[in-house]
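What follows is a single structure, written as structure tokens, with notes after it.
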């Protein structure tokens, strides 16, 4: 039980999962073809960032609450982003009758 | 709580008042006075917004003359003569954009969202103000998002055009992705420095580390996205092409100009201290890539808007030369460059818009022989191209020369190499700018664009921009006064 | 030394974050994807609670889980028919995505690990030092150092803009 | 500001631009062009007389009529003007060619636009020659370049789009190097008070440029200007560009614009960075030496009249740069004489080619012949131009070439006997050989084009020169002959520059290195 | 002496040129001819007067020496240091002599052309005014050349005579052969002038002066207006210059040889002679003036002008003078042999001219102070004088024949002695003079040349005597073929050949008289290398030998050519190769054709032009096409797919960050 006895939560233990989450988001964004799925991936990324801020705030500089407030605002921003993005995607869906990102490649080169 | 601190934000407050007036007019004026295509409706809202903004612009100039540097909200927001100047420069650009867009706004397609165009535009401008004045990353992010999210909606404004929606989707997806990356970088910075205030980060005396550089790279990527620096530029062409031309011109000059300044502030005030000049080397690589790749893409374009998109990518690289110089002189040169770039690019977009409104044509091939049918438009376009290419005696030459002079102030060999690469790239850019001139003046074919009389507003905008192109450089007062401003601290 | 409970809690939360993230981006059913996102968000909220930011955790659940995910679900239902599976991914695309994600992870993780100053144990704080609701409220309305009045006002403008933008885009006519 | 006569060299063309914009018909346009160019000739002659008078009264400043008005204060940029004999010679040359060019384009299409661009071009040229501030100089330099694109592209013939683009891009490529060089010069000047300056006179007198930097900046500026001076291997814009350009543009371009290159090479590159010039001269001596014979040999086998003349320009302008690199008073005086001579002579050539082309609609010498019989006036003028080109005494070419050869030979032989290498000597002799090759291609053209039986029966119906064509050519021929017959007047004017105080300072540097 | 008079000599022809050139076409042919001739007549009188003053007034003799006198000397172009090109008028024995010769022949030609330049019906040639203008231009240039005070002035007028020669050879510009002949003449002489120019450059470098009087260092004092030479300076300069070596020869030798190269070109010395026979495409009076009497002797004049330098060079062991001798001797023989086989009457005369000029060259080449006090120099000038007279006579006679018959080919002539008696007699006089039969002028001058040769070396003497014999032979071959043999029938509608109008016969008669008696001019008193009168009579021993040789040759010619007989044919079969080679002028033209066309045009010019178009221009175009290709190649970056955009973005950010980290950690 030494391991358990010496176990201490450190920042890396939270940073790595959050980073993992971010990278999952990246993967999803790069591979999903459904635009809403891409948005979902983006939410993962933003969420990971929020978590980063909180973790840094709590572990490294708990005296001030910059990180927490950033996260607070970032959540609001994320909501706004999602709203606008979904509006645009639904709009595009109305025009293209499709939600596959692959079909949105009329303009290129 | 000291609400009097809001009084320091004269320009933001003024802008919000303009926004609110338009908003309220939109809300409470009778529907027929805003929507529809009859003259009154068309004129009402556009004139109101434009005139109000013109008044506001004038007011902004008055502020900048009288105001001193001020830092409020615990150092979160700061305004200085330099900052006021760049805001004024942006205001001028926005005013021209507004005048140019009047004709488009009068069109039937715009009937139901005339006011929203102005409202969104003012809010994005507000966001840019915040970006420029922010001295705390939270405010900066809010500004950045305000400057880009409503823009996505504006890009999608053209209901009837498929490209508009495709562009909007591309824009919003990449923009959010970019802001995620940007905020990840910020989180690392926060983790290292423990604060989000610019001055505190700079004062944190951080140890050199890979994390810091990676964070810097992400921050650069996030801002570079809005500036369309290569390789963060790929959205640019599609969005510029798809968006309504008024929005494109707004994106290409105002958004770019504001971000360039903000970028400079972030780099100089926050990262300037770290690693002595790591950020300069990163920017160095970005500049070379931006100028070169932007040029290479621009060569092949046949759509005027797409063509100008790549041209503006390459121009962003030149603007960045002012950042990398990192001294007063290059700061002034950069601001001057932005001003001149606003005029030159808006002249080009003014012509494109005039023609597009009339005929719907945006292909370079449609411009063949334009000087026979519409000599004045062709002439304005040619001057714009010359100015963008940096041909004297037009303003573009001066701005380019000054920005190179500023960049070389350091005197390091690397800078000479960079400027040489940039200069060689001006040859390539000259080539494609001349392609437009060639199409208009040299191509022997009959022009598919018949002679037409452009609207008053369009002509007014063109006169202003062409006047600017001719005079801005020669009349040295402009540059000299900008330089006077920049000799005070940021 | 941590209590066994907190260790278990940590392990569960960390695993949940990772597993649900992976599932959210790999499942072929879009609605499930949204659900896994919801779980991942809950796990994140759990982290916030663990670290003592109850208010933030509450906001996370309310805004994300209650607002955004519902928005997703609505839009999914609007744009796709239930039971639709997204087609299987081409391996090339998968590889490209993996390269991007792994590179990102490698670079960031390496720089995090190599930077010792970021790796710190949880500082032991008294109850008083954790942000209370009151303090949060005061800071939000403060205009001084570390006061967030200005961002608070600014984001209101942003939200207004997004409302206008969303309406303009989504409006039929 | 307006009390300085030099400013009027820029103001008058700008007024002309305004006048052209107001013109209603072709007659008014012609009137503006002719009146303006007459005023310019008058101004140049007045300036010449005044200059000589002032020198006669003992004015010994390196430049006279100087004036300097702050423009961009923080960057130290001034609108600084001043002239010495060389600039005056160039101004006179420009005025004459613009005058002749106006008449040569009497019947051009769309005259308003044509003259607008032409005058803009000449504004640039005048501005360049009067400036002593590197920035303004460079600005005017580029002002002079860009109208070429439209002038060739719109009014040209043949592969005009390609040629116009090539010419513009290559010249602008040169000016890219130039811009870097000029900014570099600015930053490496060190005035007594520690500031930098763009002013040529000040740099030459006080702001000594660090030698290490000179090695970088000299090639930059020399190549930059050298491209316009058609230095091998950057000359290829010249044949295509000239071949496609309309008459007056070819005249102005070969006659004046290419001189900007030579003038710049000496006024900026050589003047400001004598040490590097001295050490690196060998590279450019080889290139320009090659230019001289290479252009001449290439001209021997061309069949298009304009190509022949363009290659001949490569050869002659190569000689200009070659002579400048000799770094001695005589050769450099010769270089300026060669600029004058080549400017007038080649303008005459291009005017005549344009006139012949306007009648026969071909420039291929294989399709023409016996024109002497059909259009004796033009043919005789052509022969005179040819004689000037191959250096017949009494015409300008001889004077210039002989001055150059004597100067170069003295320098080269002196160096050789002093054991300082035989490069200058060898290349002088190589350059001398060009007089034979020049004779070959000139006489080949004269023989095929003008003499012999009439090739094409249709040509028999063609008419001889009209009055405006005669006026244009006579102006040039008289100038060519004037230089050829009274060279001492011109060399005396020019020599001041190379033997004056400024040049002495430069030479002093040179001797130290030797 | 007033400067006005000599100045007029120069200016008058120039004015005539400008006047006739600019306004000629507004006046009638007749008046153009009259004005031109009158102008030249006045010039001639002025020249005579000047020469008279110089030789006989006694003003120009100091201590028994004829001085060099500079009438005026105007700065024209200042070059390096003291190197100034001046335009001036130098009066000394040889320039005075040349003034006389040039104006005389020129006047005769002007007069003669009034008749020659119209056809049998009296219709004037087109371009008659132009012809007179060019003649005046030539006269001006040639006069300027001979009175040059410095070598650069000489070079200037040297070029001008070349140009006027070009214009006159190409007078019939619609005739392709005339055009190419004129071109050839100009280019070959230009090539030679290149040598001349470099020679001048070397000479002026070593001596620091262009001035003849400084160069030749003949110090004279006391005479008003005389150029006072700093002999010491010049001599020092010469000696230092002579001592400096360059590529195996002293600078001075190089200079003199190169200058002589210029002379070779103008005077048609082998191997630069090829232009002269072709130059006969010009009108015959032009041949008489330029290509027989005046311009072609400019080379001889040049060597004579610089003769003191050559002497110094010889003293210092330089080879310049020997080179002159060898080139002259070879040319004399070569030309004489070729002349024996030519068909074209003017070509025979042309080769004869080459041969005779070579005589003068040899004469200068063998001239040494120790050999009869530079008799060769005097003989050379003497021969120049007499040759000018009799060769002009021969050419004008030939012109009359050609004009009468309408062909250059003497097979078309035959038996004209009765139909054209005046021409016959005068031509015969010319032949006798050139053959060196006593008492005709050629006898005296040729005798002195041979004496000079004899004094120098026996080989030169024998060689030149042989050439003299050949001269007599081919001249009489020509004479018999033209005037004897059986007359051709006159075809219907053709005019029978007859003597020409007085404008043409008068010059013949005058020149015949001069050619007969010119030998009695006391040349030794007038023209010598140092201005001292030269005393020495005819060397009768040598004179009688050469007379015998000449008579033998004439006899042989009489046997072979007096009547149509198979003898020439047999001779020809005796030496078939020699004959073919000689007939084809030893294939010099073909050799030059090969060099110019195959080597210079095809192997230098064309490759260079190709190189320019394809390599240099290709490189520039390659920049453009590479840019375009690169632009095309990277277009995939902008694939239109937002995911690929983001991927690029992501990788860009990672590389930017990770790359910088890697670079910093690895290298710093």
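Order of writing sets the chain letters: A, B, C, D and E. Residues in each chain are counted from 1.
As a convention for this text, contacts are C-beta pairs under 8 Å (C-beta built on N, C-alpha and C of every residue); 3 or more make two chains touch, one makes a residue touch a chain.
These figures come from a predicted structure and were not determined experimentally.
Contacts with chain B and chain E are shared by A, C, D.
With chains reduced to the mean position of their C-alpha atoms, the one farthest from chain C is E. Using CA-based centroids throughout, the chain positioned farthest away from chain B is E.
Once CA atoms are averaged chain by chain and compared with the all-protein CA average, the nearest chain turns out to be D. Between the interfaces C-E and A-E, more contacting C-beta pairs are found at A-E.
Once the centre of each chain is set as its mean CA position, chain A and chain C turn out to be 6 Å apart.
One inter-chain figure worth recording: chain C and chain D are separated by 71 Å, centre to centre, where each centre is the mean of the chain's CA atoms. Centre-to-centre, using mean CA coordinates, chain A is 28 Å away from chain B. Centre-to-centre separation of chain D and chain E, using mean CA positions: 36 Å. Contact with two or more other chains is made by residues 11, 22, 25-26, 29-31, 38-39, 56, 60, 64, 66, 69, 73, 77, 80-81, 84, 87-89, 91, 101, 104, 106-109 of chain A. Counting only residues that touch two or more partner chains, chain C has 96-97, 100, 104, 107-108, 111-112, 118, 146, 148, 151, 155, 158, 162, 165-167, 169.
In chain E, the residues that touch at least two other chains are 624, 635, 638, 640, 642, 646-647, 650-651, 654, 657-658, 661.
You'll find the chains touch as A-B, A-C, A-E, B-C, B-D, B-E, C-E, D-E.
Those residues of chain B that touch chain C in the complex are listed here as 1-3, 5, 16, 72-77, 112-113, 116, 119-120, 123-124, 126-127, 130, 136, 138-139, 142-143, 145-146, 149-150, 152-154, 156-157, 168, 184, 188, 191-192, 207, 209-214. The touching residues of chain A, counted against chain B in their complex, run 11, 22, 25, 29, 35, 38-39, 42, 45-46, 48-49, 52-53, 56-57, 60-61, 64, 66-67, 69-70, 73-74, 77, 80-81, 84-85, 87-89, 91-92, 95-96, 101, 104, 106-109. The residues of chain A lying in touch with chain C in their complex are 4-28, 30-34, 36-37, 39-41, 43-44, 47, 50-51, 54-56, 58-60, 62-66, 68-69, 71-73, 75-84, 86-91, 93, 99. Residues 107-108, 110-112, 114-115, 117-118, 141-151, 154-155, 157-158, 160-162, 164-169, 171, 173 of chain C touch chain B in their complex. In the complex of the two chains, the chain E residues touching chain D come out as 75-80, 83, 85, 152, 155-157, 159-160, 163, 166, 170, 173-176, 179-180, 182-183, 186-187, 190-191, 193-194, 197-198, 201-202, 204-205, 244, 246, 600-601, 604-606, 608-609, 612, 616-617, 619-621, 624.
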